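In order of appearance the chains are A, B, C, D and E, and numbering begins at 1 in each one.
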């Protein structure tokens, strides 16, 4: 019995001794030092994610790169390309080194949370987080940690969060612009508009934009047909669209969906115009047997311009930078660009914070609030207005129109650059973040 | 906490008789060492989060704890009662969305909503359990797979509690009144959310383990194992096998629900697609890799399986044959992103091929060796014929 | 009416692919006594190997598919010899079944990682000979690929049926499934039986994978192994064992799914069409735990 | 106490038991004899509710047919199995505790929260099990896992498991098969001791005829699911049909047997 | 028929006939060695002999046949020591199917026909190791022995009567053209008339040159056709001798009817003699 008591006492003492190492004293207000602006870059001190000695900034990405999510790695590469430019002589981050660390979330929130905790003290900010569920699961912690995140989510609910600095239009903006494009520019005012939607969050977002535009423009609405994510055969869906007399179909789906839908459309003689978003494109579209139908009927709505179009400054810069950091890279539509844009926003925040001489997390949040407008160099649908208040955030609404064409480097040929949709503009002003 | 279920070597008849008169093996702690272990374990639940500053370890610990609770429930069903289920994730989902309803929408206090997730998980399992009674083997596996698909359908279409496809956020209260796990202040020091949650989660793990050990050592636990070993013989011994199987299902569902509630507390956001087949498989793999029908299996399994993807990403650069970056140059090599998946698959295959009794078996053997080294004299198994 | 015929045709071609995958499960279950998910990996690898041989190495299409089937069969046999057979005899029976199931799932995840490592994660086309050709009958358009899917599948299943019913190894297979010990007592070598089963499974899986990866199927994606899960109701509906049972089960599954997507209104909620086969399956299991094809057979006998 | 009337059992056209009638008195040791396949185990399966026969089985006036096995166990009937009905991965003590399932209180929930009365009942059961093991001389192997024990000991564990439920009627299916004579002798002693101490009624299937003849009060002989003899050991030893069933002298070949015997003698 | 056979083969000379099967000092255990099933068994089967294996349930008869046919492993059993030689070669770890190819066939206890397969397919499965022509010849031979099997060849074996199933089981084993046939309780659960039929067929098979090792509960039947018999009791060979010696010995009566008292034994003997 004595032995037992002694052991208990020892254990209790040990536990109490250990206690207290990991908390913060309650009295500490947690305010950051040197928050008075204008201290200048020379006042920079080392904080987690920034080494003042070597002037190295480390930023983190939480992007899934395993299994079917592997292409998302190009997001990270695109971002590296931008930071490469930013740290060159004359760049906004001249003299600094930016290290980009990516952590594979496997698209699983239960993996992402510990992963975030494992890296949060090594990085200054999260410059890319992919996946709505992941961002949602991290939000409470981002708040506690005062961590800034620039997620590649294009859903509306998240845009006004103070910890988040979004970039680019939301999915619904793309699709409302697309509907207007067909109605106004393609002379399909009287047509019946339908939607073919993936049974998930993404499909819901697309439907939101589709419904908004159809209503605002007073178009004739047909049916909205859904399909499960693991679907192979679109016969039932196409049959439905066909019997509903659809003439324009807004497709809310990612991956190989347009391929599947188009082949059945050909087979079933379903003649309609198709709206496809930025996530639906892949290279095999231009070469397969359904290519003629796709070239003829499907328009892709993506921000920016086609690969190799050096008349748009941002595209020119991206290609130059990629050639420097990864000479073996292959032209790819859309995905390098996402990372590139997120890099721009991150840099805008960092640049200001460096000028203020304070790279603390709290200060980065302050900077994000006052970011005003970040230029997109013609890549992101227009300059992003952040404003002094998250509620006033406004993204661009210029969406470019592409068709499939194997002559283009990525297979996507520009049809109209930065189409200016009034409905999309109105959507951004009124619906986003409602 | 050294609650083991080691098979004690037989001593001589004389000693044995003495011992059996004095010891009660249905007790939680049979030996002094175990009692000390239990106390130290409880102390550690408080000491670790309050002393370990690394948020990664704390937060990984929370994840492990949550998965361990779900796997403890599954272990009761699959390990003790021998009924296979891939659908544990559905009950985790039920608990999580019940948490959304009670803690998020109704804003009930911790002492109400957390036990409620446990009860609601059990109720959901009670509805499902009668379906599986007549099924065995492959049929049982397929039925549980079906439950996942049907469960997903129900979740997605119950938008009020689940937010449909988009998921739903909720910040459940973690306060006990005198103590708020969400905002822990001990001795003038304030601790982070994850640290407080760590304490709450591991208290639940400890309570679950103790409850299961108590069950395992008494009538109900023996009934389950008897059904697993020989169902007919169990019936003949007077065990209502259907009743016991239904109860095992309910227990599994209840622990699943509790884990779901805690998962909601951890992520403060849940989405239907989290509770699909991947989580169901992961939980089953945890239970099997840890060791079916063992006390520590679910915890050890959760520690290994939950840690693999995180650690693999963290230390990818030290693993050979890795392609530095994803590229489309056509070279053969393992892209960094595939490492987690590979290690996961390999770990599963290797453990199953070389130690189907689960990793906890190694710990058990190790523990026994240590003990015998410590005591110096190894007891000898004596199975002499009766005189 | 045209719509109905159209949906029926597409349901049949989908269903027959489910039947192919289900038959892979069924022969393995019979020959080895274990439920093995590896056919899912073989479907995936089969489709990518076809792509490798046909598109990248420019071999003839039929040759490419055949080669893929040979490679998949070899992988299956190796897996059986060096992994699955090692799992028996340790722990009690239910753990043994579980280990086979989990090891095969582990192999699926390795296969997926391997596919993405070797071929990358993007969507490819396998340049199948059918493309988008259709045969039009009145208002109904039936894809040539669908016709070939049915013809080839039925052809393959016919060959299987002949092998199982009329050859020596087929008799051995049925004998081994009926009573493994008595089969050994007849001099039937279980290794030969399991190798034959893997060959059948490899051929069926590769055919299914190739068909799923055709242009009309949507091309190659690294998630083709999912079909192993979605085809499971076909196996159960078919009563787990008989070859005709798998065909009925597969067709029932394909048709139910297609009709549900085609006719059920949106008010039934999201994902109804994918949940429906499982609801049917659960109801069926509750009423008739051994599947409905079994009932048909016993009635006939 | 046990009354079986016109019991009939068929499996898919094969008649396993044909109109079997017999009754067993309280405190009797009643043996069932018959060659393999005669229907002895089928009879036990009827008695313990594993199959549903036609006819009537009454125990102390209560009908058994139509009840579930665990309900029949609750009526005080325990049995052992020919090929061991033990739980292999459990220890001897645990097996016996499963046997005393009906004597213990407590369910999942009360155990989980350590409800005191559950653990009182549990402790009592363990004491009883220890006493039983002492009686059966099993204390030495109390904590050994059953799978690791020799066959003879396992057989004894199985009896102890069956007796632990404090049955009034004990059904033993070939308890000494596979034992040598020494083991059989010891075993019989245990059974007789148990019967005396606990006042059991025992029905026994056994092939070791010598042993049966020595200990049984009455014997029922079965062949092809039919009763071919019922009576005291002495009566059974004289029963022509029983002799024929074992030694092969069938009615039609009496002459043949004679011929054989002649041959044997002449050589 | 029995009597006839007796006259044809008077007490075969075991010393001059060559040994077909020789079991030496064989010990077998189950469950990784924890359950001993056979201890130091010595047994021989000579060319052309019928050898009967007698003993009560659990004595180890079936285990011995499993050891000879190589099927122990399926039941978790293993040979602990000793050897089994066939045609003077140690069988060692030869697989069950290898043994069938060498000419050792077994008909398992409980018939174990493939119930889902037709009668014809059952026989085909039996002829698995044979060449096409050999199988066809064997098939002819089997249907001559058991005409009923030809009549019911398309019926599922599960639908046959017990006696027909037993004939199928024996016929199936004969499809392998065995030199040594192991029969485990061929008369189990069969009506006396059928038992006699089976017995006659065993004699006929033996007459065709196939040696038989037979487990049989019905001592009379067994000894009426056997040349030599071994009595197993609790894992050991307790007695062995020619069938005649056995019949004259009271041990068997003691074993099977518990008639230890010499009076009772003599009474039966007397009757037989009369």
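Here, a contact is a pair of C-beta atoms (placed from the backbone, for glycine too) under 8 Å apart; a residue touches a chain by one contact, two chains touch by 3 or more.
Note that this is a predicted model, so its numbers are computed, not measured.
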Hopping only between chains that touch, the fewest steps from subunit A to subunit C number 1
Contact-richer chain pair (by C-beta pairs counted) among C-E and D-E: D-E
Distance between the centres, which are taken as Cα means, of subunit C and subunit B, whole angstrom: 34
Once you find the CA centre of subunit A and the CA centre of subunit B, what distance in Å lies between them? 36
Rounded to a whole Å, what is the gap between the Cα centroids of subunit B and subunit E? 54
Rounded Å distance between subunit B and subunit D, as computed from the means of their C-alpha atoms: 42
Sequence positions of subunit A contacting 2 or more other chains: 66-67, 69-71, 199
Two or more other chains in contact with one residue: find those residues in subunit C. 92, 112-113, 116, 120, 270-271, 274
Residue list for subunit E, restricted to those that touch at least two other chains: none
Inter-chain touch pairs (all): A-B, A-C, B-C, B-D, C-E, D-E
Which of the residues in subunit A come into contact with subunit B in the complex? 3-4, 7-8, 11-12, 14-16, 18-27, 64-67, 69-71, 73-74, 77, 103-104, 106, 108-111, 113-121, 132-133, 136-137, 139-141, 144, 155, 157, 199-201, 203-204, 326, 328-330
Going by the contact rule set out above, which residues of subunit C touch subunit B in the complex? 29, 35, 83, 86-87, 90-92, 94-99, 101-103, 105-110, 112-113, 116-118, 120, 229, 232-233, 235-236, 240, 269-272, 274-275, 278-279, 281-282, 285-286, 289
Subunit D residues within the subunit B interface of the complex: 48-50, 68-70, 73-74, 78-79, 81, 85-91, 93-94, 97-99, 101-102, 104-108, 111-114, 118-119, 122-123, 126, 130, 134, 137-145, 148-150, 152-153, 156, 161, 165, 183, 186
Which positions of subunit C touch subunit E when the two form their complex? 89, 168, 171-172, 174-175, 177-189, 301
In the complex with subunit A, residue positions of subunit C that touch it: 3, 6-7, 9-10, 13-14, 112-113, 116, 120-125, 131-132, 134, 141, 143, 212, 215-219, 221-223, 226-227, 230, 258-263, 266, 270-271, 273-274
